[in-house]
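Please find the structures below.
Look at the two complexes coming up: chain A is in both, with chain B in one and chain C in the other.
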Partner chain A sequence: MQYLLQLLISGLAIGAIYGLIAMGFAVIYKSTGLVNFAQGEMTMITAYVAWTISTTVSGNVFVVAIGAILAAVVLGLVIERVVMRPMLGEPVFATVMVTIGLAVILRSAINFIWDAYPHGLDVGMGRGIAHLGGIGVRTGQIAVIVTLLLLLAAIWAFFRYSKIGVAMRAVAADDRTALLMGISAKKVHALAWAASSVISGIGGVFFALSYDLSPAMFQLGLKAFPATILGGLDAVLGSGLGGLLIGITENLAGGYIGSGTKEVAGFAMIIVVLMVRPFGIFGERDIERV
Partner chain B sequence: MPTTLPTSTHAAATPQAVPERDCLLEFRNIRILYDNAIEAIRDVSIAVPDGGIVALLGSNGAGKSTLLKAMSGILYTEEGVIENGSVRFRGEDVHHLGPDELVRRGIVQVPEGRRVFAALTIDENLQMGGYTRTNAEARERRDRVFALFPRLHERRDQIAGYMSGGEQQMLAIGRALMTDPALLALDEPSLGLAPLIIDRIYEVIVRLRDELKMTVLLVEQNAQRALDIADYGYILETGRVVLDGPSKKLVANEDVQEFYLGISASGRKSLRDVKHYKRRKRWLS
Partner chain C sequence: MRTGDYKQTYGELVALVDSPPVWLWSAVLVLALIAAPHVLNSYALSLLTVILITATGALGLNILTGYTGLISLGHVGFLVTGAYAYAVLVAKYQMHPLIGLLGAGVVPAAASLVVGAPSLRLKGLYLAITTLAFSFIINTAILEMRWLTNGARGISVQRPQMFGVSFDGDAAFTYLCLAIATLTLFATLNIRRSRVGRAFVAIRDNDTAARVMGINLHAYKLLAFVTSAFITGIAGALYGLYLSFVSVEGFPFLLSIEALAILIVGGLGSALGAVLGTILIGLLPEATRIILGLFSAQMDALFTTGAQELKSMLYGLVIILFLRFQPRGLVGAWHDIRRTWVHWPLRY
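This part shows the complex of A and B:
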């Protein structure tokens, strides 16, 4: 029982990180109709910037958090403006290929700007152990689960009640008609990239906090992608929950079946789910009527 | 309704203004190319006077929708460019403006096939129509739309994609009205709707002109219906205006009766006769 709880909690913690990155995928897909294959790399860069701030400016947790969020906003806006906007109106396939190219460039940028060694992000908290009913949990793990839940609630409210949130859904549904209503698709896309960069960047910083920082961190994107597919590409909240599911599945498979199955468990699960619900657990079925 | 923008008297004072009529919208000698090669519109001039309904008729591929796209500034999404001529609104050249600026100035169109945001609720669809307006303005406009289409009010929290075609058309018109337009363009509002529903939609269009003094540009294939309510009509064939005039004159025109209204002096005609007739009439080619 103790063992199971331990597995569940650490599964939730890593799952929350997947969930944050998966939400990053979903925010971009929902408002631009693109799958951004550079999501993991953007996550990694934000985490590296956070580490640089913590070692050069200040190790204070608030300074690092605000600095990382600002850096993520700038990163998202720059990528949208420089790389994605010229591709507006081009075929989706070509645009997605561009994100793959971008991923490779960002990945090598880590080695140019920083280095290839692993680092630990230390902000003076997050590595302590808290005891929950006899189970030791790192405070960073609790923090990431709480952050995910808070963000889920905030994003739900944003898409449901705010004018710009509804506009993002409208642009995703039919960008030309949105133009006819005077909605600026450019503004909506820029906002989506910035928001996506921040959300997944938070996941990256938490990962660096609980584990470590290395140029292989972009693989988090590959791990989070199944979570997005599982939850539904167009379902931001579903993607967050999908991340938790993948995290738990991985940990249970790794703990009970064998550590070799940990890597494949998530993917095995999405194959089964996609056979039953091709649009994901929380994805929207297309409404078809003429 | 025109509110703060300059009125036609102001337009008449400027040197480039059209002298004869109070034109709200005007296409002047416009030529539109797609992909820099395909000529969709050839030297077309169309005037839409303030406060009337102008019908733009023609068959598939005549260029009607292309003109509306040029008007709304979204030609670029289909690699289209205005190669020559201009689009003027209230006497001012507007063809270089972006779609959001055109909406702010009072031009809006209801696109062909309604194009409601299917996954959004009716309320959210209307909210998107009022995107360029402040929240207070949007709320006031929404009440007016609900007064015009009580059906939308009944179903306001429902998902738009699940409504019937007629209700979706009402929503598309209501959504366009949310922008507070001076000029409302409708691209084939009768497309795929039952005759009774078309009657309802057309009644609303007439009310918009008579009660709200709105200017309407009505694009239709259904010539009979459109000429019934329009004040003036243009007939477009393969990118050119082949005939124009007041609706009553157009309805009486022998060629229009022949090709668009399906009436002829010698009773029903076979398709072969029509083809032969078309070959004789140079202006139709």
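This part shows the complex of A and C:
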């Protein structure tokens, strides 16, 4: 029982990180119709920038947090403006392949700028251990679960009530009609890339806090993929919850079946999901007209 | 003056090449490739071997992604399955190398039926993600099945001896790769001009319309997967032989990306494109190294310290630039040049 609870809690913690990155995928998919294969790399860059700030400028939590968020915003905007906007109106296949090319470039750039050794992000908190009913949990792990839930609520409210959120939904639903209604698709896309970069960047910083920074971190993006497929590519909230589910599944499979299965539990799960319900649990079904 | 590209009989439409000089130039190319191992130094020869193996793999992916329009991000999974099938059959169970090569095709083809099954329901991105998942699952399966695959330790393979000919030497091995690459090229060109190839292209262009025309989507999509996996598996076995050691690390995920980059750079849906793309991507790191070396020794030093990073950055950059400025790839550029040449001084 103790073992199960321990697995569940650490599964929730890593799942919350997957959830944040999966929300990043979903925000971009929802407003631009693209799967961004460079999401893991963008997450990684934000985490590395946070680490650089913590070692060179100041280890204060607020300085690091604000610096990382600003860096993520700039990263998202630059990628949208320089790489993605020229591809506007091109076929989806071409545009998605561009994000794959971008992923390869960013990954090598990280290895080039920072070194290939693992680093721990130290902001003076998050590594302590709290005891919940006899189970030791890192405070950073609690913080990431709370952050995910808060962000889920905030994003739900944003898409439901704010004018910009409604505009983003409009562009996603039908970009031509949205243009005719006076919505600037370019600005909506730029906003989506910035928001996605920030949301997944938060996940990356929490990952660096609870585990370690290393060049293999881009795999977080691949691990978060199953989460967003499970929740539905166009469902931002569903992706967040999908992350929690994948995290728990992974940990249970790793704990009870074997450590090898931990790596692929999520992938095995999405193959099943794709066969049964390709649009995800919370996603909307595509209806094709002839 | 040539006023058009007239094709009056059905036979002309499906001919392998549309002008006789192509045969001549192809023969010259083949002769040059046969002479190459005796002229090139061992470094250039190994580069040629890699290009021939890569071309085989790229032609395999071209059947699936280029002809049928099903994007695969997990082709490295078929590559590694083929390499392991050969290694297990030949190095572990001492079978004849020819059976090993056949197994390197058949085993991935069987595996592709499993991956192909979801493709009957999925399209585009979803299929790409499924194949991606497949390649990770294959890697884990290979690492877990220690009794068969030696797990993370890998299997070392010897270059084969067939029909009294030893392929141990570099030149002989290059000939083996050349023979298989040429066979593959002819096979894919012939598939393209057959009834099957036309069905593949119809599915790519519009699957609903293809179905209405009476094409059995399920059968043809699975056929595309099986054919593609068969060819890719053989390329994998050759690559394993080239490395003379088969392990999961020898087949990184980047190879899947590289294969797609080759197709995009060459021109999607064309066998010639796959070959041209392979040559460009295969020579790109070398060419960059030489050009950078011309500027300064410092740049050259940079290349030796960060070779792997620079190489993958180049792949990424080339993919993006081609998609942005020349989406039809090298084949498209070649067609434009040829048209300008033929019709000059008229524009078209």
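One rule holds in what follows: the second predicted complex is superposed on the first by the 285 of 290 C-alpha atoms of A that agree within 3 Å, B and C clash if a C-alpha of one lies under 4 Å from a C-alpha of the other, contacts with A are read in each partner's own complex, and residues count from 1 in each chain.
Note that in this section a residue touches a chain if its C-beta (ideal position, glycine included) is under 8 Å from a C-beta of that chain, and two chains touch if they have at least 3 such contacts.
Since we're looking at a predicted model, the values are computed, not measured.
By the document's definition of touching, of the two partners only chain C reaches A:F112; chain B does not.
Of the two partner chains placed by superposition, only chain C is touched by A:F267; chain B is not.
When the two complexes are overlaid on their common chain A, residue A:G258 makes contact with chain C while staying clear of chain B. In the superposed pair of complexes, A:L222 makes contact with chain C only, with no contact to chain B.
Number of chain A residues touched is higher for C, counting chain B against chain C. Using the contact criterion defined above for the overlaid structures, shared-chain residue A:S162 touches neither chain B nor chain C, since it reaches no partner. In the superposition on chain A, A:E90 contacts chain C only, with no contact to chain B. Once the two complexes are overlaid on the shared chain, A:S58 sits clear of chain B and of chain C alike.
Comparing the two complexes, residues 290 of chain A contact chain B in one case and chain C in the other.
Across the complex, chain B meets chain A through its residues 72, 74, 76-77, 98-100, 102-104, 108-109, 111, 115, 117-120, 124, 127-129, 131-132, 135, 159, 161-162, 165, 175-176, 179, 192. Residues 89, 163, 166-167, 169-170, 173-174, 176-184, 284, 287, 289-290 of chain A touch chain B in their complex. On the side of chain C, the complex with chain A involves touching residues 71, 117-118, 121-122, 124-126, 128-130, 132-134, 136-137, 140, 143-144, 208, 254, 257, 260-261, 264, 306, 308-310, 312-313, 315-320, 323-324, 327. Per the touch definition, chain A reaches chain C in the complex via residues 35, 83, 86-87, 90, 92-98, 100-105, 107-109, 111-112, 222, 225-226, 229, 233, 258, 260-261, 263-264, 267-268, 270-271, 274-275, 278, 288, 290.
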